[in-house]
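Listed next: structures, encoded as structure tokens.
Shared chain: chain A. Partners: chain B in the first complex, chain C in the second.
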Partner chain A sequence: MRQYALRRMLYLPLIIAVVSCLTFFTLRLPVSRDPVAYHSTQSTTVEQQEAIRKEFGLDKPVLQQFVTWLGEVARGDLGKTFRSNQPVWPEVQRRLPITFEILALALTFSTLIGVTFGVLSAVKQNSLIDYCARFFAVFGQSIPEFFLLVLLIVLPSIWWNYSPPVGGHVSIFEDPWENLRLYVPPAVVLGLGGAAAMMRLTRSTMLEVLRQDYVRTARAKGIAGHRVVLAHALRNSLIPIVTLLGSQVTVLFFGSVIFELIFSINGIGQFFFVSVTTLDFPVIQFLVLYSAIVVVVLHLLVDLSYAVIDPRVRYN
Partner chain B sequence: MERTNYWTRRIRRRTLLTGSATASAGLAGWALAGCGDDDDNGGTGGNGSTETPGGVRPGTATAPTPTVAGEQIKRDGIFNLRQSAPFANISIYNGLDSGLYFGLITPIYDHLWYTPLDTGIRENFLAENIEQPDPLHFTVTLKEAVFQDKPPISGRKVTANDVKASFEAASQATKISNSSWWTQVLDKVDAVDERTVAFTLKAVDAWTFSTTNAGSPLAGSILPEEHAKDQGQLEKDPIGSGLFEFVSQENGTNFALKRNETYREKGRPNLAGYQYKLIQEQAAALAAFSAKEIDSVVPGNKLERDQLTQQHGDAVFPDLELNRAVWMVQPRGDGEWADPRVSQAISLALNKDEMVELMGFGEGQASGPVPPTFASHALTEAEIAETFGRHDPVEAKALLDASGFDTTREYQIKFITPGDSYAQFAQIVQSHLDKHLGIKTKLVGEDFGKWLAQSLYGSDYDGFIVYPTLEYDDPSSYIGAYQLEIGGRPNWAGWENEALNDIVVRQKATLDDTERAKLVHDLQRQAWEVGAPFIPTFVRVSGSVYWKHVKGLVTGRGSYRYLAGSTYIDKG
Partner chain C sequence: MAARSPVATTGYDWTFRRRPQRRVRRLGRLAAEHPLGVFGLVVLMGFVILGVLGPYIAPYDPRELRAGQPFAGPSLDHPFGTNNLGQDVFSRVIAGARISLVIASAAVFFGAGLGALLGMAAGYYGRWVDYLLQRSSEAFSAFPALVLYFLLIAAFGQSPKTIVFAIGISALFSGNRVLRGATMIEARSTYVEAARAMGCSETRIFLRHVVINVLPLTVVLMSGALGAAILAESALAFLGLGVEPGTPSWGIDMSGQNLSFARLGNWHIVVFPGIAISLVVLAANLFGDALRDIWDPRLRK
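Up next is the complex of A and B:
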């Protein structure tokens, strides 16, 4: 498995190179917008504009800019943001924990709810709980999260003059209760769609597994029902669930842009959005690259987890 | 305390700022800032008179909005406000978010003077006295003031060297919306002694003291010399001698300010502090207001405002005023467009009442180039009704036909995206042009950066561009577009009119208030007669809704409200 992992990791530089080139050159296409315009006013002279361009390193030929940037990135220097003139990495680093916490909360919620009700729904097929869970699954998947997020803000305000907390940030290490009060409501909504998908997948996989001979054999051997379900059936249903989980992390990571805007959370999604709209090239380049690495590594981890879940899977 | 800022607006598409600091709806009108000038020189501070040479009006001290007689001012309240977009950083010279700075950052700094828009009369702040022996020189004597007690400044006195360094730093700042005054009018600043600063100008500029120029709440901020020369500190922990002291922020959001206990005017400010909260979505802001998490909110329109007042009754109150952002239609001004009848026809074809109805839900009024708020410089209602405000489709069509304008081809209407209002305005203009003049147009939405740099500054449009101006605190900023050159670039509409350019130049050099106001009036009248391709249409009504416990607000005075320090919170 180690060899397989190493082989897969070898693709990483290639992917990074392709993504870097695409991002870098697309941003600088002649038809692209000029970031200097965002830092100019009507009284900014042509000379001052050129000075800003030079400050941003945009005065050199594109190829030279690329080589310079690559060299800097290789040395661990991600450059400075155009907007704040601060180094990119500390700016990202400050925001990462916020986004990661929300993703973790949303993922935990969607997995707990999705898997739990998926299993229950399969075990109690055609019961009330099954119908309710299936209704929830269809509901959760058919309503966009951003709409639910807005409802979460608007409806309590109309009914009870209550507004879920938005815009604040308290570290979980400083004040866990306040932190959870801020982030749990939106994370629940964010994870709702994922929970629904997870529930449907878990249910269908479990239904299939529960009809397998080895499950019948386990029951015939007198193993307790919950043990049959959890240790035998669920474990054998995990591969598709883990696959879905991996892709959900990616979806949530990118979905956090909308989520962070609606809930005024100053995380990576927000940073990415503002950087794109103000053409902050160094930030865009880094975050695209970063996302690519996250996705590649995540999928590798998912693939590797198959071998852990199912001993029959071999990567030799 | 809310105005909208263009940058944020475009960054977030939706509504600009709001809640707090912020500049108002403005946007593209960035553009119109131009010649910058302002009336008076000399004047009085809060205490004492000053020499007032020709063209200079003495200032008068301003009292805050009176509270109920006998009411006790509470000094322990925190004003909770909305911040509608994150800051890139908090340096006052890093202008990308500068609109936000008016309410949020500028109260940290003191200012030499301020010229409120309602009176147009300069009021001395940090300046004890201002003397102007001749139009090219003025001398400012400083009051006793100290900086906030933070290292490395540690509460030392404000000196003339701080003022000199601040003005020199502001004149170098390229990223904020500094007017050309800083580079084309200001010659040098000298520290004569510890409390005396001498300003020398390269050219006579009657608008020197305006909020667009040397009196800018942003560029006119007085920083410690150390920070002005090494601006890295401005991004970390700003220190001033203003009403409030910077406490904290989180990644450009959720700013906290506290009262500066050593402020030069005893008893001010009333508030113990400000707490800003990042709330980007308008729906979330309205919900937060209803939940009393913030003390004021800017409704997106009349319907939202009515809903709030219905929901909360007497517990809230709206603070409304006529907006100073003029919604402009700018056709080309060259080629066949240069015929005055074309521009007049276009203006007559635009139904301003319908615009007010559709975009302001009936609240607003027709405007000339200088908005009606500036009573002394704007055209009268009667004059506007006869000129820019008039809607006469029959005459419009006749004028256009007489000009021989080509209506067989399709033109563009360029507007800024994102932003619903801009698109709506463009659609209304498109409909009026088609219905009343038979001019076919296609709508072209452009990202602000491209719109500003290429379409407006670069005059790259085939037909029309439409936009609201920024909300300026002085009338001068609305008339810059008539010049042959604007900010060193050719006229944005490709329009050339020596006579109007001459009036713009002359009024700028006219120190006498009455004479200058007359020239500004003449300029606007002639702009109509010669068919200047800068067609003002209307202004909306805007404002905030506050909980009743917010008191002592200063209203109707422009950005002055941010520097008055009279607001307080009375929760009983």
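Up next is the complex of A and C:
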């Protein structure tokens, strides 16, 4: 297993190389948009434009730019943002915990709800709870999360003349109660879509596992019902659940951007969004690269967890 | 297959008369078994009709200022009320169907269609086609959908074309993955071996046996991708990255200024476009689920 993990880690630099190439050259194709044009107004002279181009480092040939950028990144220098001339890493670093908390809360919630109701609805197949859970699962997968977030701030304002607080970030270490009050309701809403997908998957996997012989044997031996379901059946349904969990993190990136924009939270999502609309190349390049690394490591962790869940799994 | 006789020279083709009836009965049975799928299809067709005939159905021009008093609540004249400019929300929701459906279906059709073709080629011919596609698919899997959309929008600007391209690419790789697997299974099946033993050419086996048998899966794939494409399109429009501001689009009409007006009590401005998106995605998902139940033998119980 260690060997497998090491071999997979060898792919990481390769994927990072491919991703950084794709990102860098997509932004600089002849048909791509020009940040200099974005930063100049009608009164900007050609000389001023050239000065801006030089300041951004976009005046050199693309290949030379690429090599320079690679060298800087390898030495830990991520460059400065175009729009405020600030170093990229501190800007990203101070926003990371905010987005991380949103993702963690939403993921925790969606997994708890999804797995709980998936198991319940598989154990009590065709009961009222099963029908309700399936009904909500179909809806949960169809309603866009931004609509749910919009409803979350619009509905209370109609019903109780109260608007949930929008904007402002309180660190969880300074005032945990206030922090959770701000973040939990939107994170719950954000997790609903994931919960629906998780519920459907858990239900179908559990139904399959519960039909197997060893479950009947376990019951025949007189093991308590809840133990059969949780320790025997659920344990063997975990592999697809963990796989889905891994892919849900990337799906939540989207939700997190929308969440941060609606609630004016200054996290990575909002930062990324603003950088895209203002053509802030250094930030875009770094964030694409960063999320690619996160995704690749996540996939690796998911693959490695299979052996922990099911000792029969062997890596070759 | 046996119904079509190779020597149908008697002038009166019985098979021709019988087959439509049998097909209609079979369709009826399928419909009865999948009421939710039928509901999805009907709603989806309803939205398609709205998209095509929108301008003739809508009571007002969606861009007409002061079609009514600004911020009027839902009434008989304006079923969904009016927005801050006095534009009729009902007419805007109807007009939004066209943009949403055109962008989403263009992305799904080109993306998933091309992906399916490539997947079939990779699954059947293997070798370098397969190798190339698998490696690019792996590189692509490192991009979460959002990151890909953002990168392409930064590079190529905020236009419907970019959105179609971006959503299409993600559909392309999922189409490629699904069809590659299915084609590989078909290509190794006994009947293909039999056809080869009978001396069919590779092209004939590919087109007449393999493609025909995985084609339904392409339709299943496309209908499943449609809901996701509509969701992605409306979310990007909500972020202001899709069509131009001011265009009647469900995502745009729920965002920015309209959202602040909604917080002040004009809920109808944002709630109705949201319901429209949810309904059309729900319909597409239900229809896609039903198609998958019918056509994907691996999931058949």
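As a convention for this text, the second predicted complex is superposed on the first by the 313 of 316 C-alpha atoms of A that agree within 3 Å, B and C clash if a C-alpha of one lies under 4 Å from a C-alpha of the other, contacts with A are read in each partner's own complex, and residues count from 1 in each chain.
We adopt the following convention: a contact is a pair of C-beta atoms (placed from the backbone, for glycine too) under 8 Å apart; a residue touches a chain by one contact, two chains touch by 3 or more.
Since the structure is predicted, the reported quantities are computational estimates derived from the model, not experimental observations.
Colleague: Answer with clash or fit: chain B and chain C placed together on chain A by superposition.
Modeller: Verdict on chain A: clash between chain B and chain C.
Colleague: Which holds for A:A196: it touches chain B only (first), chain C only (second), both, or neither?
Modeller: Neither partner.
Colleague: Per the contact definition in the header, classify A:F253: touching chain B only (first), chain C only (second), both, or neither.
Modeller: The answer is second: A:F253 touches chain C but not chain B.
Colleague: For A:V150, decide between first (touching chain B), second (touching chain C), both and neither.
Modeller: both
Colleague: Per the contact definition in the header, classify A:L279: touching chain B only (first), chain C only (second), both, or neither.
Modeller: Both partners.
Colleague: Does the superposition put A:N266 against chain B (first), chain C (second), both, or neither?
Modeller: The first partner, chain B, only.
Colleague: Which holds for A:Q48: it touches chain B only (first), chain C only (second), both, or neither?
Modeller: Touch partner of A:Q48: chain B, not chain C.
Colleague: May I ask you to decide whether A:L238 touches chain B, chain C, both, or neither, giving the answer as first, second, both or neither?
Modeller: Neither partner.
Colleague: Quick check for you: in the superposed arrangement, does A:Q86 touch first (chain B), second (chain C), both or neither?
Modeller: So A:Q86 only meets chain B here.
Colleague: Thinking of the overlay built on chain A, is A:S40 touched by chain B (first), by chain C (second), by both, or by neither?
Modeller: first
Colleague: Once the structures are lined up on chain A, find the stretch of chain C hitting chain B; candidates are 182-190, 254-262, 272-280 or 290-298.
Modeller: 254-262
Colleague: Under the contact rule defined above, give the chain A residues that sit at the interface with chain B and also at the interface with chain C.
Modeller: 33, 150, 153-154, 157, 163, 261-262, 277, 279
Colleague: Help me check something: in the complex, which residues belonging to chain A touch chain C?
Modeller: Of all residues in chain A, those touching chain C are 15, 18-19, 22-23, 26-27, 29, 31-33, 138-139, 141-147, 150-151, 153-155, 157-158, 163, 250-251, 253-254, 257-258, 261-262, 272-273, 275-277, 279, 284, 287-288, 291-292, 295-296, 299.
Colleague: State the interface residues of chain B toward chain A in the complex, per the touch definition above.
Modeller: Going by the criterion above, the answer is residues 7, 10-12, 30-34, 83, 85-86, 88-89, 94-96, 174-180, 182-183, 235, 250-254, 277-281, 283-284, 286-288, 290-293, 447-450, 452-453, 457, 486-488.
Colleague: Give the list of chain C residues in touch with chain A in this complex.
Modeller: Within the complex, chain C contacts chain A at residues 138-139, 141-147, 150-158, 227, 231, 234-235, 238-239, 241, 251, 254, 259, 262-265, 267, 270-271, 274, 277-278, 281-282, 285-286.
Colleague: Could you pull out which chain A residues touch chain B in their complex?
Modeller: For chain A paired with chain B, touching residues are 33-46, 48, 51-52, 81, 83-86, 91, 94-95, 150, 153-154, 156-157, 161-169, 261-264, 266, 270, 274, 277-279.
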